[in-house]
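Once you've had a glance at the structure underneath, I'll fire off some questions.
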Amino acid sequence: MFWSNEFPQLDNTTLRELSRAIDRGYLSFSREFGPMIETAFEPLLHFLIWFERLLLESPWWLVILATGLISFLASRSWKLMTGVVLALCGIGILGMWEDTMRTMAMILVCTLLSVIVGIPIGILMARSERAKNTILPVLDVMQTMPSFVYLIPVVMLLGIGRVPGLIAVVIYAISPVIRLTNLGIRLVEKEALEAADAFGASRMQKLLKVQLPLALPNIMAGINQTIMMALAMVVIASMIGVRGLGQPVLQAVTNQYFALGLFNGAAVVILAIIFDRITQSFGMRLQKHQQGGR
Amino acid sequence: AECGNVTIAEMNWASAQVAARVDEFILKNGYGCDAEIIPGDTMPTATSMSEKGRPDIAPELWMNNVKEPINRAVGEGRLVIVGDVLENPAENAGEGWWIPRYMLEKNPELATIDGIKKHPELFKDPEDPSKGRVLGCPSGWACQITTDNLYRAYDLEDAGFNLVDPGSGAAMAGAIGRAYNRGEGLLTYYWAPTSVLARYDMVRVGLEDFNQEEFDACIAIADCPDPKPNNFPVTEIKTVVATTFAEKNPEPMEYLKNRLWTGKDYDDMLIYMDENQADGQTAAEHFLKNYESSWREWVPADVAEKVKAAL
Amino acid sequence: MSTDIAISIRNLYKVFGRNPAKAMEKVHQGMGKDELLEKTGHVIGLNNVNLDMERHRIQVVMGLSGSGKSTLIRHINRLIAPTEGEILVDGEDVIKLDQQALRDLRRFKISMVFQKFALFPHRTILENVGYGLENQGMAREKILETSRQWIERVGLNGFEDHYPQQLSGGMQQRVGLARALATDAEILLMDEAFSALDPLIRTEMQNVMLELQNELQKTIVFITHDLDEALRIGDTIAILRDGVIVQNDDPQNILMSPADTYVASFMKDINRARVLRVRAIMNKPQETDSGPVIKPNTTIETALQIFAESSSDHLIVADRSGTRVGRLTVEDLIRGMRRPSQSEIQAQQAVT
Amino acid sequence: MFWSNEFPQLDNTTLRELSRAIDRGYLSFSREFGPMIETAFEPLLHFLIWFERLLLESPWWLVILATGLISFLASRSWKLMTGVVLALCGIGILGMWEDTMRTMAMILVCTLLSVIVGIPIGILMARSERAKNTILPVLDVMQTMPSFVYLIPVVMLLGIGRVPGLIAVVIYAISPVIRLTNLGIRLVEKEALEAADAFGASRMQKLLKVQLPLALPNIMAGINQTIMMALAMVVIASMIGVRGLGQPVLQAVTNQYFALGLFNGAAVVILAIIFDRITQSFGMRLQKHQQGGR
Amino acid sequence: MSTDIAISIRNLYKVFGRNPAKAMEKVHQGMGKDELLEKTGHVIGLNNVNLDMERHRIQVVMGLSGSGKSTLIRHINRLIAPTEGEILVDGEDVIKLDQQALRDLRRFKISMVFQKFALFPHRTILENVGYGLENQGMAREKILETSRQWIERVGLNGFEDHYPQQLSGGMQQRVGLARALATDAEILLMDEAFSALDPLIRTEMQNVMLELQNELQKTIVFITHDLDEALRIGDTIAILRDGVIVQNDDPQNILMSPADTYVASFMKDINRARVLRVRAIMNKPQETDSGPVIKPNTTIETALQIFAESSSDHLIVADRSGTRVGRLTVEDLIRGMRRPSQSEIQAQQAVT
């Protein structure tokens, strides 16, 4: 027994009973609270739908114009702006405009949500060892628990559609921004912090004027990763009924349409790059002092 | 004994798992093959088989999604379709639109599509509550075309129904489970035999009779301009093997040809798995132990003895 | 006025290391810095420091490198928490202050110049100088105005929009100085605030500081390694050694009667002619004398110059009212410039 | 036309022809070169199989012991070691030993490969602006191109099995370690670099003795993310023939076994946490100087 | 020997900013530092510097903060690339060296102490000191031995396993010093190497350096702000202003005949009594004199002491062979101590 390589596991019936008990528990939980939770998410759903409509129903050239403008404002770079506009036109010409807009709406909201929620959590973690020690494992779980595992429970709770999709994306994508905000703040030099203390900075002042600016390179790396991961979830989200670029990708996979998958995948990548470049060049503009140097 | 290495594809739904494990056990112990299981989704497996001839055996392949590449590979002589998996497929397998039995009991009118069309309010779409919802076939699957055309053929849109893409089979199952558990209204595309239909008591909605000609001419073609009411065709569930394997191993091939599951056995397995949360392995053992008479018909007596001895 | 104590440090101990409390026991048992380091790996930063600093005065702190000067000064605004002891600022123990009170103390009452500058790399010079004011919650315009004014005062106009790393060491230090002065705090902690400055700008900065001192009468704690500087600006000088204060006195007294050989050797390189006043070395006046009259506060250097220009062989020292208080010969002056020898110090120590 | 919100896209036939042409091209490419490429990957495959066997065929207690020992050696922490041992026992008792070992073998190899390949690439990026500008978009593509898009092409080229699985995982998971190595090295203070230069450090000496040690916090964050992302791919890998924990997860999803999915998902998470804690505490031990401080 | 030039700097220009080449044109047209900064945002670091440094000598560089001292010294081991000009080390232009040659130069021939220490935070003191040796490829044991020895020499034993941030500023600077000295390079670049040290340790370190200099005869470029230090150790002193070298001369000459008022004001705080030698101020000898005899190299301070102890009213200056070369009265000495006044300097400048 001891020498074998068979692990002395629980026998099958016990295991089975255990699983079934959990399943039944979850089932009755979802029956009990599902409608309530659903109602709670209603405003988010409406917002998502409204935003998607906005992007879909505005004339395409207006959307391109607006995106170009935003990219220019964020980066002050003509090159970036032209790139963004051309890429969007390319997407349109290849017939993926509608799906791209849907995905863009979804991901924009997800990224915003992740950043807005993630940065404060990262700050909290950097501030308190205890917070760090409790949050880290949660992040590990959120990032590595295969989304397939919670997709179905989420579907059973909230049905298929945008809200469960959004939840799945945010759960997965929020980790890096939290982690890197934490890391960045922790790496801020002691000297600068001491100086801030010596001049009586309140915690908020220290945070806003010293820690966050100095942690910016790391925070931006976190946001970059969050965007990347959100877009990496596009297909998974489409598995629970979120419309957008994920659908044709799945379709391509199930039908062996290599090129179709590639086009739509490329559209996802382009969205990712647009989002990323805009945020990063905005971040760079916030770090002017890094540019000088010997 | 000269059988050698055999790789068997195991798809990730319940029946395919039992089929794969039963084949594995019999080939291993009855024919002395060195059988190995390779997991995979339908499409990657089919692709790999048609391009690479690996894995050797796909015990249960639902053809409607992969017909084109498989047929191409068969044409090019790289794959062989051994035959059906189920006895009498027309009866035991099939696609269709389904509603929970409790709905039918409350409102017998819902037995047919015409009855359903009168009550979109019973099938409320949560993202668009003014309308009813038909859960369609997940994007990309071959059934998407059929469902889409039938949706139009029966004028469900005008009747106040949205056709909603559930995204994936799993999400579809989830959505069915959710509605069923809460006793909500549900109209969904689905197919049998599956564990979902084994678990939830659902009834098929009555459609027009199947018309092959009209089906081939229109329903099977994407965006067909003027679809007429029709039904789903008989589902093809086949065992497919690589030519290299077929040529080298006549005896196992014989077994695969003979191996025809009865509809009841299949259903029993699905129910058994569902009730016990069993994986394919356990279910296969259960089957081999308790359904000896069924599988004895598939193999010669000497092989049967060997299998029995190994149990 | 002279007994008005702004900062009072009582029985202050600081031990660095993993388990200061445990090491403290050893320190109380009298273990010295070297032994403690060797035996426990703990470093004594400060060892039973007691020091009262008068308001409106400049307290200089000197000592070997590693003797605990920075550690001491950082306790005053509680950048370091003591292992034991009290630090009273205006009678209040800074250790007992709550967050808000401590913050206000640091915002309005105590300002600091750091030894290694500690500028904010992401802020321009202008923003660095305005930093303390922002924390005080001053209006933006006012901040800009004040910052510009202080940048001007430390001679950095034109560099407002540069970033710290584009400036030379000395320029950075002046930014640190401007930042500290801008807050208009009553107490200034200056940790080698002038050490990276060249002599010209250093003198200029010293003058700025002395002017300010005349105008605004701040309380300043000033760490320096430069004896001339210490003697020039210090009202009192405390000398630290291995975390212990070995002497705290008026500069003249430290020069004339060093507490031990450590202090004496510390002072040996001083330009005594420029620092010592004639009152410290003059003899009894003789009524019969005639010759140039000088004040008791004249330095030896000046006295020598006067000598060189006159033909008399002695000088007369008279106080403000004209009363003769002493006389000096060239020999007296030259003797006054001599450093005390080892044996003299030991003799003196034996007396005290 | 211009005012509409329909993008003036290429007409369907053209699009279809385009896709078809690409598909045919790829098909003939894969037929031509598939066998060659396959042969090239053979050694890797053998190693993978050998390693999986090693873990599967060694007695379970030996594996647990070895893992415990490694975790202790890396961290010098009894707590971590006990945690690791208990977690593995838990996995075994719940009957997931075999799948866990398979996944562990796979992920270990993937992570090692990602780190070994990723760190040098990150270094290269930090050294040369040009390398950075060419590699960054590639990383963006690798991270956001949905894996579903390249699953099928990879399968066409290499068949299903461990190697394509490994490739898919590495493609997805390698990005963060590259990105954060680059960032970490770029954030090393100029002063330290100048000092290294002044003492005539060769590029290699500077790298090994100054840049990498000082970039360590960031590099470790990158490795952490790589591990997390590799484990997040377990399920996808199981879709193309990699056995392990992904399989029961998929099975649970299709069969709606909520608890089963949860258990197996938890095993994935536990593996992730074990890997992560071991590497991170090893990283911490390399950064002793961070611990002191006022 | 005295014409053996180790480092030779020719027409060196350095302009900081976005487009140095463009700004250089302006500089060639004679635009000054302030104007250039205002008009183009470029900063002149060095402006047509020409400087020859003799082998085995200590070249001191002084100047206001921001005058380009660090910039100059960093050019010698090419940490900064010049905008224009040549830097010849042993006749070879460091700008033209390939990677490998430059590396060898930095490893074996030139060593450096940084103004802001630039220690490696992740390495212990021991590892920091051994860093240069590791780069040289020395054997581990040998490295440890040499490092220990230098740590001892700068007085930091016991701190071998501490990390830089656990040391005080002065201690860190000594680590930087030990690190530079350990490599046994022929040329030492010392950027305010002693500025964070207290006077005692500073003197000690100066002594260490002078001893070394006696033993090993290195070529040292030494930046300092401390005049006494400059005069004590410098064989020649170069004075920079806004990137221009305004004077480069022997200390006595700089003191006695400053090139302009800038240099003079720079020197004004010096303790002239301790620096000036009597040979610089003595009068013609008179055969009839009798009195204490001193050497021409005696400082004014010592001469005064001798005066105070004798009863003569003059001193006799005689060279090694005993030949009388001059005489001095107290007045001469005291006059020698006086700083030259503005008008005197201007008169002198007009002459040269």
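Should a chain be cited, it is by its letter among A, B, C, D and E, assigned in written order, with residues numbered from 1 in that chain.
Operating definition for what follows: a contact is a pair of C-beta atoms (placed from the backbone, for glycine too) under 8 Å apart; a residue touches a chain by one contact, two chains touch by 3 or more.
Fair warning: this is a prediction, and the values are worked out from it, not measured in the lab.
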Chain hops separating chain D from chain B, counting only touching neighbours: 1
Longest centre-to-centre distance from chain C, chain (CA-based): B
Relative to chain E, chain with the most remote C-alpha centre: B
Rounded Å distance between chain C and chain D, as computed from the means of their C-alpha atoms: 58
Chain A-chain D separation of Cα centroids, rounded to whole Å: 19
Whole-Å gap between the CA centroids of chain A and chain C: 55
Where chain B and chain C are represented by their mean Cα positions, the distance between them in whole Å: 89
Set of chain B residues in contact with two or more other chains: 43, 47, 170, 173-174, 177, 277
Interface hub residues of chain D, defined as touching at least two other chains: 151-152, 156, 190, 194, 246, 250, 253, 256-257, 259-260, 293-294
Interface hub residues of chain C, defined as touching at least two other chains: 79, 116, 165-166
Chain A - residues contacting chain D, complex: 2-10, 12, 15, 18-23, 26-27, 56-61, 92-95, 97-98, 137, 140-141, 143-153, 156, 172, 175-176, 179-180, 183, 186-187, 190, 194, 217-218, 221, 224-225, 228-229, 231-232, 234-235, 246, 249-250, 252-253, 256-266, 268-269, 271-273, 276, 293-294
Complex contacts: residues of chain A adjacent to chain B: 12, 16, 19-20, 23, 27, 30-31, 34, 38, 45, 49, 148, 151-152, 155-157, 159-162, 238-243, 246-248, 250-256
Residues of chain D that touch chain E when the two form their complex: 191-192, 194-202, 205, 209-210, 213-214, 216, 287-289, 292-293
Contact set on chain E toward chain D in their complex: 77, 79, 102-108, 110-112, 114, 116, 118-124, 131-132, 134-136, 162-163, 165-166, 179, 183
Chain A-touching residues of chain B, taken from the complex the two chains share: 42-43, 47, 65, 68-69, 126-127, 138-141, 144, 164-168, 170-175, 177-178, 181-182, 276-278, 282
